[in-house]
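Per-chain numbering from 1; labels A, B, C, D, E and F assigned in written order.
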Amino acid sequence: MTTKTLPTKQLCEMVDSEEADLFVLMTAKEELTTRDGKPYFRVGFRDAEREVSFPIWADSPWSVDCRDAWTPGEFYKLRATYRESNYGPQLEIRRIRPVADEDVAAGFDPAMCQPRSRFEPTAMLEELITTAREEIADDALSALVVDLLEAGGDDLLSLPAATRNHHAFVGGFLEHVVSVTRTCVYLAKKYDEYYCDMRPPLSKDLVVAGAILHDIGKLRELEQHPQGAEYTAAGHLIGHILQGRDMVREAAARHDLSAETLLRLEHIIVAHQRLPEWGSPKPPMTPEALIVHHADDLDAKLHMMAEALRDDNSDGAMTSSRNPLRLKLYRGES
Amino acid sequence: MTTKTLPTKQLCEMVDSEEADLFVLMTAKEELTTRDGKPYFRVGFRDAEREVSFPIWADSPWSVDCRDAWTPGEFYKLRATYRESNYGPQLEIRRIRPVADEDVAAGFDPAMCQPRSRFEPTAMLEELITTAREEIADDALSALVVDLLEAGGDDLLSLPAATRNHHAFVGGFLEHVVSVTRTCVYLAKKYDEYYCDMRPPLSKDLVVAGAILHDIGKLRELEQHPQGAEYTAAGHLIGHILQGRDMVREAAARHDLSAETLLRLEHIIVAHQRLPEWGSPKPPMTPEALIVHHADDLDAKLHMMAEALRDDNSDGAMTSSRNPLRLKLYRGES
Amino acid sequence: MTTKTLPTKQLCEMVDSEEADLFVLMTAKEELTTRDGKPYFRVGFRDAEREVSFPIWADSPWSVDCRDAWTPGEFYKLRATYRESNYGPQLEIRRIRPVADEDVAAGFDPAMCQPRSRFEPTAMLEELITTAREEIADDALSALVVDLLEAGGDDLLSLPAATRNHHAFVGGFLEHVVSVTRTCVYLAKKYDEYYCDMRPPLSKDLVVAGAILHDIGKLRELEQHPQGAEYTAAGHLIGHILQGRDMVREAAARHDLSAETLLRLEHIIVAHQRLPEWGSPKPPMTPEALIVHHADDLDAKLHMMAEALRDDNSDGAMTSSRNPLRLKLYRGES
Amino acid sequence: MTTKTLPTKQLCEMVDSEEADLFVLMTAKEELTTRDGKPYFRVGFRDAEREVSFPIWADSPWSVDCRDAWTPGEFYKLRATYRESNYGPQLEIRRIRPVADEDVAAGFDPAMCQPRSRFEPTAMLEELITTAREEIADDALSALVVDLLEAGGDDLLSLPAATRNHHAFVGGFLEHVVSVTRTCVYLAKKYDEYYCDMRPPLSKDLVVAGAILHDIGKLRELEQHPQGAEYTAAGHLIGHILQGRDMVREAAARHDLSAETLLRLEHIIVAHQRLPEWGSPKPPMTPEALIVHHADDLDAKLHMMAEALRDDNSDGAMTSSRNPLRLKLYRGES
Amino acid sequence: MTTKTLPTKQLCEMVDSEEADLFVLMTAKEELTTRDGKPYFRVGFRDAEREVSFPIWADSPWSVDCRDAWTPGEFYKLRATYRESNYGPQLEIRRIRPVADEDVAAGFDPAMCQPRSRFEPTAMLEELITTAREEIADDALSALVVDLLEAGGDDLLSLPAATRNHHAFVGGFLEHVVSVTRTCVYLAKKYDEYYCDMRPPLSKDLVVAGAILHDIGKLRELEQHPQGAEYTAAGHLIGHILQGRDMVREAAARHDLSAETLLRLEHIIVAHQRLPEWGSPKPPMTPEALIVHHADDLDAKLHMMAEALRDDNSDGAMTSSRNPLRLKLYRGES
Amino acid sequence: MTTKTLPTKQLCEMVDSEEADLFVLMTAKEELTTRDGKPYFRVGFRDAEREVSFPIWADSPWSVDCRDAWTPGEFYKLRATYRESNYGPQLEIRRIRPVADEDVAAGFDPAMCQPRSRFEPTAMLEELITTAREEIADDALSALVVDLLEAGGDDLLSLPAATRNHHAFVGGFLEHVVSVTRTCVYLAKKYDEYYCDMRPPLSKDLVVAGAILHDIGKLRELEQHPQGAEYTAAGHLIGHILQGRDMVREAAARHDLSAETLLRLEHIIVAHQRLPEWGSPKPPMTPEALIVHHADDLDAKLHMMAEALRDDNSDGAMTSSRNPLRLKLYRGES
């Protein structure tokens, strides 16, 4: 008996009743029981843009394998038929095995199974490095910022901005930071011109450095898994605001930064969430910290709003309030 | 006996021991008593950039005139010598009379006695009108905004942004609104591009219209006097957020605005202070309202910070916390 | 085969095993699935005082019709047997068809399917109009109040006081407003006598007008459907406090109200919820506003308490805290 | 040299330059020093409706007596001339001696020197007793209320409702309680009729008893001095809410009250301030407690508003916010 | 047919597939229905350390008895086989009957079915009595404390410290009070020595008496049932803080306590939760009250933490936040 | 003319009319003006236990020296007569010169002019070091704690615990830390025994280390001047919680601490103020952090209470509320 050759597709491309081979990440396996006492499993598989969740009944041929072998967080190669049933999308599995090394040759890449930024991480990182070089006149400060970006490495390229709430996808950190930094470059130039006689003068250098580094502690607060990012123990107990300041202080030991500049930069990081109940032990006490806070806060909230408007399926002019802003949003009458 | 001819100077230009003629606004007249029971008056006079406060003792030749005739809020022509004493700047008055109509020919202008924006009000108003015409594509909306700006007339040109706290000077309203509007034009373009698939798409038209009109109700909340702006009764009982929405609704009756656009614009005004305890009965529930709120909030707070850094006379690296932000600010070690 | 003739009953009158014809509103149709994967629908039907919810299994003769045709929010004529089973009340449907125009002749009235005030809406409206005429001495103010009441029309007769929380039934608005107005007439007379020398004197006119109109904006905030009232988009984005003030201002253009009276009346509406987090951008700053706030607040909270005491089924001396007050209430030991 | 005979007047009746004999309470004696180092005293004297405060200079003939003998809280007979000077009203003292027993015959009564209710305390107390007898059907409850009122004695007749904020004058307690009780009688009847099917039925008995007794603990919280009421130690450490409940429980031992009625009455007292931060450890959990809270809260706030409108001397349409409500109030344009 | 003789075991000792006789408390009986409409019951039985919950299906031989006779809160003698299935532990019931008087001879004790303190209640009570005798020098105060402890009787021995949150088991009250008292003895001695010149001196007597009696009102706030403690009506409407103070005042009538000592002791009880929103109408205003508050607060929170660390089954370094502290706790990496 | 030889006394020992030589710190020089316009200075001098403040009039022989030369923060040798006048204690200065090097031989020590702990700083430091050695079993942790204590040097010996509020005197830091540490040793032993099965076990090591180091960041937050401690710029912008964690992390680089132990120790410092609005970005999430928080909080608040009871001069049973707790305290009836 020969094996049929099937196309390898992405899960998100499949249409009703289509059969294909596909690489997926197992995201969930939950043991449940029907009300008449029969056990079954509810499993989930995803690629970057679609997630499918369905039951494996006790009388399924996969029942034993599912219980004993399938593991959330692992990647699998499936042969399956995609069905859009009354109970939502389903997969009828024909074959399933863990991804093996040779699958890379066949096109497997773990990143293909995670939601990701629309923008290219390396390009975003490059933009930040260029901004740090061109918009920060203080050489030591510019070098410190570039140093921390370059030290971030692959982690930085894939880091989300948060585990949920906003930019919770591969590259989300960079997407958020690039956006905040662009706004901050604009605001620093604008307000420096506007308050030309402020004493001390507004430091565009610090606004830009603060914008790029305000969330850098996320590299220590979060650790990345195939299923998404999770808090580290230190992330829970200490938090990215303090951890980001640590990273800046450690890097400062390698650069000839003035004590004054370092202190002002640390303050921007410490104060960027503004309120103590949002995690900042000190409020913004410099104009630079105030600007970075507002640019960050707007970018995060606007992203939550855009995602809630995109994802909400309720009827009518308003979305539900089940979103990170806990607000009904107006999507309009159309 | 002939009258000496003296140069007419501005109070803020005078140097120690200089005698001159000058036009000033009387800002204060307070009846006090020394601890040994002698009555005296403390009076204040100002021009646009300097305010001087000093006693008129009971044995002064001006004692009776001061008590019976001098009136805060009136303009006076003085001949006086300016003294910088241990008790601060003083004026030794030689002559004093209320300003008369013919003084206008001699250069008197009530505006010369009030603090004012560094920027030219008519130029700022012109910029807003141009922005409304060029950056708002919806003709009815553009016309409504221009209509409200043009209807504002002289009041709009001189209005402060607030009675205290920020931009509390002639032209402050326009200075604040121009700054917020510039930021909003930037942010609307940036985020429209960024969230190109948001549904409904981000409306740059509404962001810009909202930026220009967010505080328009100040025209009804405040009334302007020579000594500065004060709240009207309706300003106290209703407030500029509701009054500004009234003005937009009244103007909408004269323009062919869609109901949807009007509702979204009203919401931007209603929500622009974000929190109920700051006066907004509804939080921002559209992306446009969120952007206007952040641009407004940053501009107001940054202005408070710049003024506090400029005006604080305390020693050391930190200012006092006696400023509208109620925060010590860092001015640095230099 | 002839059709049996059956009496037409109200759902709330039916007893166990009784068969009858009845007019009902379909309130819910939810597609569910049993744990072993079989789809079924849970449907709900109601008249004014009873709501019944039960499953339509896949093997029911109504299964296909239910899925394809039955629509929540529509009225139906049923022939059905009422059963009180272990799973609560059920309907065994024999026949079902949408209500037709000729059913009105047979006694159908959409209002018969919605919970409603114990009091007659037209009588309540009449009482308000009479109160406005008799207790408001200022002719213009009296006319304005009557005008707004008469303009409310049928909407006003059926409006609930809220979508949930209190008086959430047909006529609830009038029931609440009549009660608040009665209390306010009492309090205005009492306190006017008590503070006979207050300056300005307490205005019974304004207390009564404010009581009648405090919630008038609900007419714009809510729109009524057979299933109950829901927020309009403007209700969400602007809110009944501002909308009610709009209605008063629009009506004032048709009446010769003094500016002072209009301002005080607007303030009562704006301030009637007292706290910014409850939606009032200004707190009561006049005695009249204070009185209307307290009468309104007590009436709403007492209604919540009375309903919670009536509806709570838990055992013991205390109710549960699952009520709009989020409080356990004491019903006593008996 | 014979002593002139002068009329005995009340301080509040005197006109500029009038000389008379008068009985007053000394309310203040503060040792101050002029800025050039000379000591003097500022003293205050009052009768029920006017308070006068003025300096006794070191070179006054009264200087030594003032320092050594005059005592705040004591009553004095003065012969003095009343002057309305630029520094406010003054007394030029000719003679001064402590009030003696025989002055009672001459018309002295300590109560004539304290601000007091416009209403007659005994009449108010009588009204409360009558209300307790007529409006409380439960004999034991009625007797308990009357018992506590009668036990209050003279203290009750003179007690203020608070040391400041509202009804802070002789008879203020009764004035406030009578007003609250009247409102509660009205509301209990109204809502009992309105919610005729509430289970358990609304108890007018408890509403009325709770209204009369809600503040009874003030008798223990405050102690009265000629200068006004002050907190006792137990008042500070325990508070009138708990102390009032004690008094009810102690009285209940003398009456045949049902346990259920006692518990509900205690709860009204415990909950009458509603919020924990206002002193109530439990919120209203019965309709009776809710009604008493609202009647009490409105009466206290309305009194603060009436006094602030009466006493505020500032210009313009709004009062200052220096009143117990910490709110600017609208007094209107006239 | 003879009856097999089986050992009588405790439920918590049984192992998989073991059959035995056992005494248990029925804790739950809930009527449910499978998704295909079949009714069944979910029942719970417990002894002191293990609780088992499982279904009684409609086709079980116990189905009718379960519905008609079994009663939560009753004790039963079971003969059953214990099974550890995939759905958690189960009992296959062979025989079941209510516990009878003669079962006491066979070892039944209601207390054997409730979770209980690790410590012996009588020993804990004895420790408190000894502490009251040895560490309280004031004879009247010492006697009052001992009196209240002795009057507590069996209720006191079994009382939990709360219905949930902390020490919610038989003897929990004593366990918590003993711990707080020990800490307070330490702190009173330490700080008395430390602030040897405090005026008035720190009263170790009051700290110790306050520690022992701070929660004594729980005896009235809660009533104990086999299934656990529940709030009494008075507990809901008044609360243990006020009820505990009542008990102290009632006891004080039997002892020759000074008024000052009684007032200070009452204040410790009234203030021991510190914040109004936690139930204390007054904050600690004496050093003694401050010490008792801190010792109590730490002991309660530490117990919540210890239980959450013990009971949480989640993976990873942090517990979930589903515990009374609503905090994720760090259990560490091991 | 020869110079009289006078005894050198401490300011706090002097009695009325006594003349002596004395070493003092100048604490204040404020230029004021009398109401009739005459300038004068108000100056202050202190030793460790008494501060005296009095005017230097314009006609004083010291007037010019005072204005031109005397400098707050400098130490002076005075010859002066101490007077207890009606205006409080005064010094009649006969001679005054800055302290010179040779005065050290005559007994001058800057520390003699500052308020200081009753306890010997070196003994307190020694106790902490001993505790760290004996009560911390983990050698690396013990060494790290000792290291930080020894590195603190003279700064540590003189540091106050705060600039105001509590322990604001020389040695106050050590006094507070010793007290917190003693309490923590007691609590760690007690609760370790009590929760013998907690997982992970309670770490007495960490409780003790956390107690000793919880405020160590004060060394960087504050800088000490003769007039008292003040915040550094970094203290304002970053704060002692973060700075103390920095010190621990820097020290950890020199010791072989496990990552787990370091993380738990950092968390104790970060969380020791518990609430975000008190400066802790994370709440206590370990039992060790909870214990340190409570011991610290009690010690600080009890010190505020003891000082307020000691320093308050008001009459009656209650103190005023002008103390760092903002509470009236009960001092009792005696």
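As a working rule, contacts are C-beta pairs under 8 Å (C-beta built on N, C-alpha and C of every residue); 3 or more make two chains touch, one makes a residue touch a chain.
Here the structure is a predicted model, which means the values were calculated and not measured.
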| item | value |
| --- | --- |
| Maximum centroid distance from chain C, chain identifier (CA atoms) | F |
| From the options C-D, D-E or B-C, the pair that copies E-F, where over half of the contact pairs coincide | C-D |
| Same-residue or different-residue interface between chain B and chain F, half as cut-off | different |
| Chain whose mean Cα position lies farthest from chain E | B |
| Approximate Å spacing (C-alpha centroids) for the pair chain A, chain E | 45 |
| CA centroid of chain C to CA centroid of chain F, Å | 64 |
| Junction residues of chain A, two or more chains touched | 33-36, 233, 236-237, 264, 267, 285-286, 318, 328, 330, 332-333 |
| All pairs of touching chains, each written as two labels joined by a dash | A-B, A-C, A-E, A-F, B-C, B-D, B-F, C-D, C-E, D-E, D-F, E-F |
| In the complex, chain A residues that touch chain F | 233-234, 236-239, 241-242, 245-246, 249, 263-264, 266-267, 270, 275-277, 279-282, 285-286 |
| Chain F to chain D touching residues, read off their complex | 32-36, 38, 40, 55, 57, 86-87, 317-318, 328, 330, 332-333 |
| Complex contacts: residues of chain B adjacent to chain A | 179, 182-183, 186-187, 190-191, 194-195, 197-200, 260, 264, 267, 283, 285-287, 290-291, 294, 297-298, 301-302, 305-306, 309-310, 318, 327-334 |
| Footprint of chain B on chain F - complex, ascending | 31, 33-37, 39, 231, 233, 236-237 |
